[in-house]
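Look for subunit A in each of the two complexes below; its partner is subunit B in the first and subunit C in the second.
Moving on, here comes the complex of A and B:
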């Protein structure tokens, strides 16, 4: 028996997608944290972080939107837990930029009519699970080990890049996803496209880009013998899951590769009822795979 | 082999524009020594008419109109691979942001209208609703880009799975959000912000 640890509790910034197209990421995050006894309290009236479109053409707007969110988060106790890789990146970039640029900080402070909060630690769920909660405790909490499930961990672009900003793990060869899902018994495959871009927000403007880039990712995961992909970003999920059938039609290759949010698999392993994990929201039906592996 | 002579001078190099991009991006343009590592790792390279390292070269040579008028800057996915791998600490992803801002502020000399339209609608959504309203984003994009049937088959699938919300999320602090946009416009009008 390990001695009793202090109770963990976080403020929570879900981001726009988690209340809409990525609702299963939100549901499974809440389910997982509840099962692990970690507190999670949503920041009231948070707003869009601006994501890629804002910083692409208007850096000051992007920094101001994120700074406003950081200031709203001050009203809720605990480090700020972020699920979406893009929101995580934008919030961290904002803290990083404003810490060493007084001119920008003054402009942002004027824009949001208040002080900029650079102190609150912004943490991705992976970091909370691997570092704050701990992999040993995660293993102890397992009720249904994911043994036999071969997972391709897909990081995408923004969990680790740019260097010196997210500080989640090694910028070119991270292992945090493999370590976290490995702690609940899954097998992880070695593959080539863990950090290649999925086509991101071109899904709206130029979907052809997504078909090509996400197609290569699915191809690489399949070649490595993976049963499924695991992601931590709603946009990556949308491109790999929602557009998978289109990719199959375009390439003539059949993937049938379920794409899970990391929290769906982790919550399943620690005993959260499968009915609460939004498996029915996924376009590529994961139930045949989970049944085959004896997980549902 | 025939060699052509290229003459460079501070006049032809349009250093003012380079300095503007350097100020906006916080990164040096002139440090680039053309190793090409950014282009080697760029996932969007095949969609661009000019690879990332050539864009920097154009800037160094003062040919920025070619950069602003082209599609390449709009085909950057902001994946940050170039910035991560640059051996001489050129923050190319930030330079791309700065170039897009210059193109955007000049009311878009680029022919790449779809990406710009998507960006505009995304930002408009924040001002109107505080959060993204995905259904509206997709619908208005289709109408404004004249692609009425785009992703039509996906809509019902997403709605029945609860992934596409018919109604938007509601923020109680819309007035404060509008203030952010207004104050930024005000700073720009006074020349106090880029």
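Moving on, here comes the complex of A and C:
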């Protein structure tokens, strides 16, 4: 008799972007988890984590926002699933930082009028899929293998950093994205700019910087022969997808490189209907590529 | 009634700053049995010692307590003074009121009270001290040197030249260590082979040196003057006495494609090989893991072609016991690698540099092999990937060193200098090439060192960029080096043909295991620890064991050779005497009480406890008791603490003395 497969269920912190500019990340996450039979329950009344701006302005504010979210999550069963790389990093940093700084922890507890939940395991979707669910089971669930699709996995700055904190994978040379998307049949390319910064929140204040940094990311993915990029962060997505045209104008180079959220590709592979994956809200239209590969 | 003298030392201000020394002396004077008590600024100085000697005569003292620093520092000094005043030296004890009191407390009143307590305890103990006579043990005037790099060779030659026998044990098939791999050496650029190989030959031919290569230390027993070393001579599969070193076997061996570790895997070697042409001894060894005969039972070519019949496939490891009196440890270093490290390891690799997967990103030793006239390229600087001559070479310093976040905080000391050397060697060979160096600081203290570094910049036109490198990646056939120039405040990108990393100097893997066999201590990185950072830099805390070379910390050749000669001098000092005096602080068994449970035998870390048979006049066995061999006993007292019948006691630390000390509190 084979032991019954463990039913997985998580509390879920989508973060602001997933309710706004990154709706397709949220939709595809829910679709994917449903298809895989993994429970996902949104934390009620969650607030913004402060992302990258808050901790540059006021550390206490940034820690308190995350601490508040962690204490709200306490009411929902299951480890806390996070999709956005920035939210993930901030929540982890908060736990890490407050665990060995009693003075700050007291200040934060005063600010949020309650205890900080340092114990709740905070997990990125990648970790849930690769470790809790398992790559073998992911492969078993595939209905439409992504074979022939050449994907450049883009980690950005925050998924594995700062060192010692997220402990998702090797800080400078991770492979978790490649392993996860490889499990559903996609081909991954070896390329140089997986870990470079895209310019993140300079997108409004110093767009020139973003054009240069994101430009070299697109450039190197193209040089490596990728059909598309795969990301796990709405900020990266914004710079690489929304600004791609602008980058093309500035550099005079044409990329036409669709930028997918990881969950969009995974959900497609496990049989979620393409219409439910928000492909139409992407700026660089992915449909020609997906059609060419016979995926839609 | 005893007549004890108490001498309270100020240690300049070290003690007097926090302890009221006059008060301690006054209180000591009131203790029963104390005939005289005083204080003095520096008890260890000449006038201080004279004060003690005169007081012995004047006040007819029969015991002494010097309240000063740790006995590890000056017990010997004061016992010698007591001896010259005609007292048995073991009737002189130290009360440690510095390390145990003044240095660790702030409150003057409390520290003073504690100092008085410590003095009172030692007075109680000294009253029950017995006159002890030092034990003498013979010295085996033969030395063991572990490791045949430049450190081990130098130490062995010095000791052997002084007329003593030396056993030199080297793990690899040849002696030579890293120096045999180097091309030319800073600060004079003389060829390493030219200065190293003659020394290797001298060591092998010296009538006083027994060389065991391809050998390791199996176990170590005994103590200073009387060690028993078991050496494991690994099976070479070649009979050393018969082999003439003609090399026919290597030439005919069909297995030709095994990466040669000596050449940092740039070249290949056969299964039966000497690591490099100038190897000493010039006797090949069969690498059994890669030999067809050992893998499939077929081949046997080398045996067929070997004229003198030196090949022996049946050879087994041999254990050889070598009695020696002193040990020099000279096991050297290895280079840190940027490859991925096991999860949880305190030392991290460099994913940002590709974890060692970019073929034209090499380390300093690989560059030495490329630049070496006897190396795999005959001294041409060629890229490992495609054999082309690189025109832009980037050198990166401090890789793994001075990087707390990567797990190593120390400076590797030699890489600033060898990187400067590498830029010069490169320029000498590739005239139209350009060398760049990313560096944090240039650390060039040493005779003619800074001049050497300046020469690299001013005459050989190396471009030094102050800043760190954040990433290396392959782009086409170039390696993109992304770094910062902190002087100009800009980010720099260089497209290089070859990148050379000056990686950290680390102790050999397994250095800790050897240390445990030897009973010597090591630091958190596994570098061996000297007994005192300033005053005993070549001695281990374990008597009779000395350190030489990079196993104690990163070192260049001049430092290594100096330390090796210093270690040799220490060995010769030891061998200058026929007998060694040992402290008589050893355990004695009360044979009347001993019930021969032999619990002490189980717990003794020195293996000093034996069984002794007690027989009557007719020779009939009456009883068995425990017996402690005073030559082996280390005086740790473990047996005393564990004996259920209280039948074994340490001289100078009897139960009665310890109880008296507690009662004095």
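Note that the second predicted complex is superposed on the first by the 293 of 296 C-alpha atoms of A that agree within 3 Å, B and C clash if a C-alpha of one lies under 4 Å from a C-alpha of the other, contacts with A are read in each partner's own complex, and residues count from 1 in each chain.
Just so we're on the same page, a contact is a pair of C-beta atoms (placed from the backbone, for glycine too) under 8 Å apart; a residue touches a chain by one contact, two chains touch by 3 or more.
In this text the structure is predicted, and so the values were computed from the model without any measurement.
Undergrad: May I ask you to decide whether A:173 touches subunit B, subunit C, both, or neither, giving the answer as first, second, both or neither?
TA: Once the two structures are laid over each other on A, A:173 reaches subunit C alone.
Undergrad: Of the two partner chains, subunit B (first) and subunit C (second), which one does A:35 touch, if any: first, second, both, or neither?
TA: neither
Undergrad: Should A:163 be classified as contacting the first partner (subunit B), the second (subunit C), both, or neither?
TA: In the superposition, A:163 touches subunit B and subunit C alike.
Undergrad: One more residue to check, A:192. First (subunit B), second (subunit C), both or neither?
TA: Only subunit C is touched by A:192; subunit B is not.
Undergrad: Identify the partner contact of A:281: answer first if only subunit B is touched, second if only subunit C is, both if each is, neither if none is.
TA: The answer is first: A:281 touches subunit B but not subunit C.
Undergrad: When both complexes are superposed, which of subunit B and subunit C contacts more residues belonging to subunit A?
TA: Larger number of subunit A residues touched: B.
Undergrad: Can you give me the overlap between the subunit B contact set and the subunit C contact set on subunit A?
TA: 163, 171-172, 196
Undergrad: In their complex, what parts of subunit A are in touch with subunit B?
TA: 16-17, 19-23, 44-45, 47-48, 50-61, 64-65, 68, 97, 101, 107, 110-113, 157-158, 161-163, 171-172, 196-197, 199-202, 204-207, 209, 212-213, 242, 280-283
Undergrad: Note which residues of subunit C are touching subunit A in the complex, please.
TA: 340, 348, 350-352, 354-355, 405, 471, 473-475, 480
Undergrad: Any idea which subunit A residues touch subunit C in the complex?
TA: Of all residues in subunit A, those touching subunit C are 163, 170-174, 192-193, 195-196, 220, 223.
Undergrad: Taking the touch rule as given, give the residues of subunit B at its contact with subunit A in the complex, in rising order.
TA: Spelled out, the residues of subunit B in touch with subunit A are 24, 26, 43-44, 46-47, 75, 77-81, 83-84, 91, 93, 97, 100-101, 104, 114-119, 122-123, 125-126, 130-132, 134, 137-138, 141, 150-151, 154, 157-158, 161-165, 169, 171-173, 176-177, 179-181, 183-184, 187, 192-194.
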